[in-house]
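Labels for the chains are A, B and C, by order of writing; each one numbers its residues from 1.
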Amino acid sequence: MSAELADEKTSSAYEQLRPALEAILLVVDEPVTEQVLAQVLEAPQADISEAVVRLADEYTQEQRGFELRNVAGGWRIYTREQYAPYVERFVLDGQQTRLTQAALETLAVVAYRQPVTRARISGIRGVNCDGVMRTLLARGLVEECGSDNGGGYLYQTTPLFLEKLGLGSINELPPIAPLMPDTDAVDDVIAGD
Amino acid sequence: MHGSNSQVSYGQHVTTEAALEPTSTPEETNPHRRASFQVRLTNFEGPFDLLLQLIHQHKLDVTEVALHQVTDDFIAHIRELGSTWDLDQATEFLLIAATLLDLKAVRLLPSAEVEDEEDLALLEARDLLFARLLQYRAYKQIARLVAEKIAAAGRRYPRDVSMEPRFTELMPEVLLGIGLDRFVLLAERALTPRQPPTVSIDHIHASKVSVREHAAILRDRLTRNGNSTFRALCSDCENTLEVVARFLALLELYREGVLGFEQVEALGELHVRWVGGDSDEPIEIDEYSGSPVTDDEESTL
Amino acid sequence: MSAELADEKTSSAYEQLRPALEAILLVVDEPVTEQVLAQVLEAPQADISEAVVRLADEYTQEQRGFELRNVAGGWRIYTREQYAPYVERFVLDGQQTRLTQAALETLAVVAYRQPVTRARISGIRGVNCDGVMRTLLARGLVEECGSDNGGGYLYQTTPLFLEKLGLGSINELPPIAPLMPDTDAVDDVIAGD
């Protein structure tokens, strides 16, 4: 009887936690620790630990196309191994060979402002650039090159980028018209730093 | 029968408070109407907007127009402002006042018998105004819906995480899809700072312009080309002030009888025709206050 | 009996499609069309159309933290609206400047009247719309689409507009007619007073 009661209690706790947990796990790019999840969801860490395991089991039992995996001390959603061939086919299908306008613009900012942080790029473009930067990194057009004083990663263009534009070195990029006498100062204002 | 049905539903639309109330603010319950006039006028969007607000404020049924009240308020408000009003507000006022007076004039006509062509034209104008007002109100309501949808969609976040490395490795080689020329253009555009939304204070230290000078420019161009459009005549203006100067100069030239205007539809292209012949006799152009002072004028000031 | 068999057949087709669908939906970075899904999964498009709708329903019924939505002509997984407060601790899409009332109204006119000229929009709104249109163009919510006979540029809304509103297509906008009595009705009222 008391075991049943306890079960019911955990059940409802889990049901309350589950959707919020799923929402977070859907958007995180890096595995997220149980500690962080507990903080954000304002739940005891023990409940979280139980919930993620239960959710991972659920995904497996329901034969979902994705799975919840514990990697490097945190949790993240990955493609389930047996369905990887479909993803591979999708990727190979070549729907994504062309860069979007947003990606090209971001690439242009990196090219002319390198080394540069994401915060600064977002400031210049007026929109968050995280997603686009991921694409550029994945496509090997930009790369990390250390960090600035504030601890933000710095990015620069890669040799592949030069190759794509048919340039020998970054110095061969044509100077852009003097739009502003002091663009850096303006960037600073816009980036708010 | 069908006609009377649609009449009923239409009447409900217009008189229902909620339907006319897209911009309800706490000030609306303020019994001191005139004081709140000022508040509302600082943020309304064009004459239709204000008209809608006024109609709501006075709980007016558009078909039972008691607009004389609104008109009186208006005139009183303008008087109160005395000499302190600015050009922007004044022109908006005039536009709305004209619209209201138009409505009022129509209202005063005996509605049973319409014989005069002019009466008919006035009635048609009123129909048109009602239709446009209702149309505007519909879009205003839709705008609210658009805002709600944007807000809701903004709270749903798409899955947008990096692809697992084993998949990215498979990706076909990326295509930039553009050459160096286009890339540089893109960079220029991307690096041109966006104007952060600010309250402009440019007018405080705006450079002064001379209506007389701009009249000379216009005269020169129009005698050469015969006719043009206001848009074309202002295409080289560097700021709003210069556009205003050109416009005032056009009015001055019109007063001198050397110009003709034609505008087919409201807010449409304004065509300007030169009718002053090609004599180069000097034309008297009034200068406006705030014009730059030239050397020969200085002594007289 | 045969109906049951048919049901079973669809059911098993769906069960086969589902995990593969999920695997692909998990990696897309923009809404993916049913056509592409059909190609990659080598399934009839009708089956795909049925499967995505069924999967979307499933996510909703199971009260998952995410939902499958038809947006701008394609399908993509989003977090469910009510869990936004948790998600926002992880994704901060900074600088989401709000559209002004004027911009919203102008956008509404373009959406319902497209393709439409600036002059026409100004006529409907009773004020000049050039400045507002520039903003909407810069933010990628409207675009030029040719010119009318008089030579004025025509404008229409973009797929980004649909995405920002969370709409599958422009037809999902509510009809404006009930809000706007036609001119006949106006005539009736005026004749009747």
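Here, a contact is a pair of C-beta atoms (placed from the backbone, for glycine too) under 8 Å apart; a residue touches a chain by one contact, two chains touch by 3 or more.
A quick note: this is a predicted structure, and the numbers were derived from the prediction, not measured.
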Checklist entry - For which chain is the distance between its Cα centroid and the global protein Cα centroid smallest? => result C
Checklist outcome for this item: By Cα centroid distance, the chain farthest from chain C is B
Item to check | Geometric centre distance via CA averages, chain C-chain B, whole Å | outcome: 30
Checklist entry - Just how far, in Å, is the C-alpha centre of chain C from the one of chain A? => result 25
Checklist outcome for this item: So, in whole Å, the Cα centroid of chain A is separated from that of chain B by 44
Checklist outcome for this item: Listed in rising order, chain A residues that touch 2 or more other chains are 23, 26-28, 79, 84, 87, 91, 96, 126, 131
Item to check | Residue list for chain B, restricted to those that touch at least two other chains | outcome: 157, 159-160, 163-164, 167, 194
Next on the checklist: Touching residues of chain B toward chain C in the complex: what are they?
Outcome noted: 3-4, 6-7, 9-11, 13, 45-49, 63-64, 111, 123, 126-127, 130-132, 134-147, 149-150, 152-160, 163-164, 167, 194, 197, 265-268
Checklist entry - Where on chain A is chain B touching in the complex? => result 23, 26-29, 78-79, 84, 87-88, 91-92, 94, 96-99, 104-106, 108-109, 111-113, 124-126, 131, 134, 137-141, 164-167, 173-174, 176-177, 179-180, 183, 186-187, 189-190
Item to check | Contact footprint of chain C on chain A as seen in their complex | outcome: 15, 18-28, 32, 40-41, 63-66, 77, 79-80, 82-84, 86-87, 89-91, 93, 95-96, 122, 126-128, 131, 135
Checklist entry - Which residues, counting only chain B, touch chain A once they are in their complex? => result 157, 159-164, 166-168, 170-180, 183-184, 186-194, 196
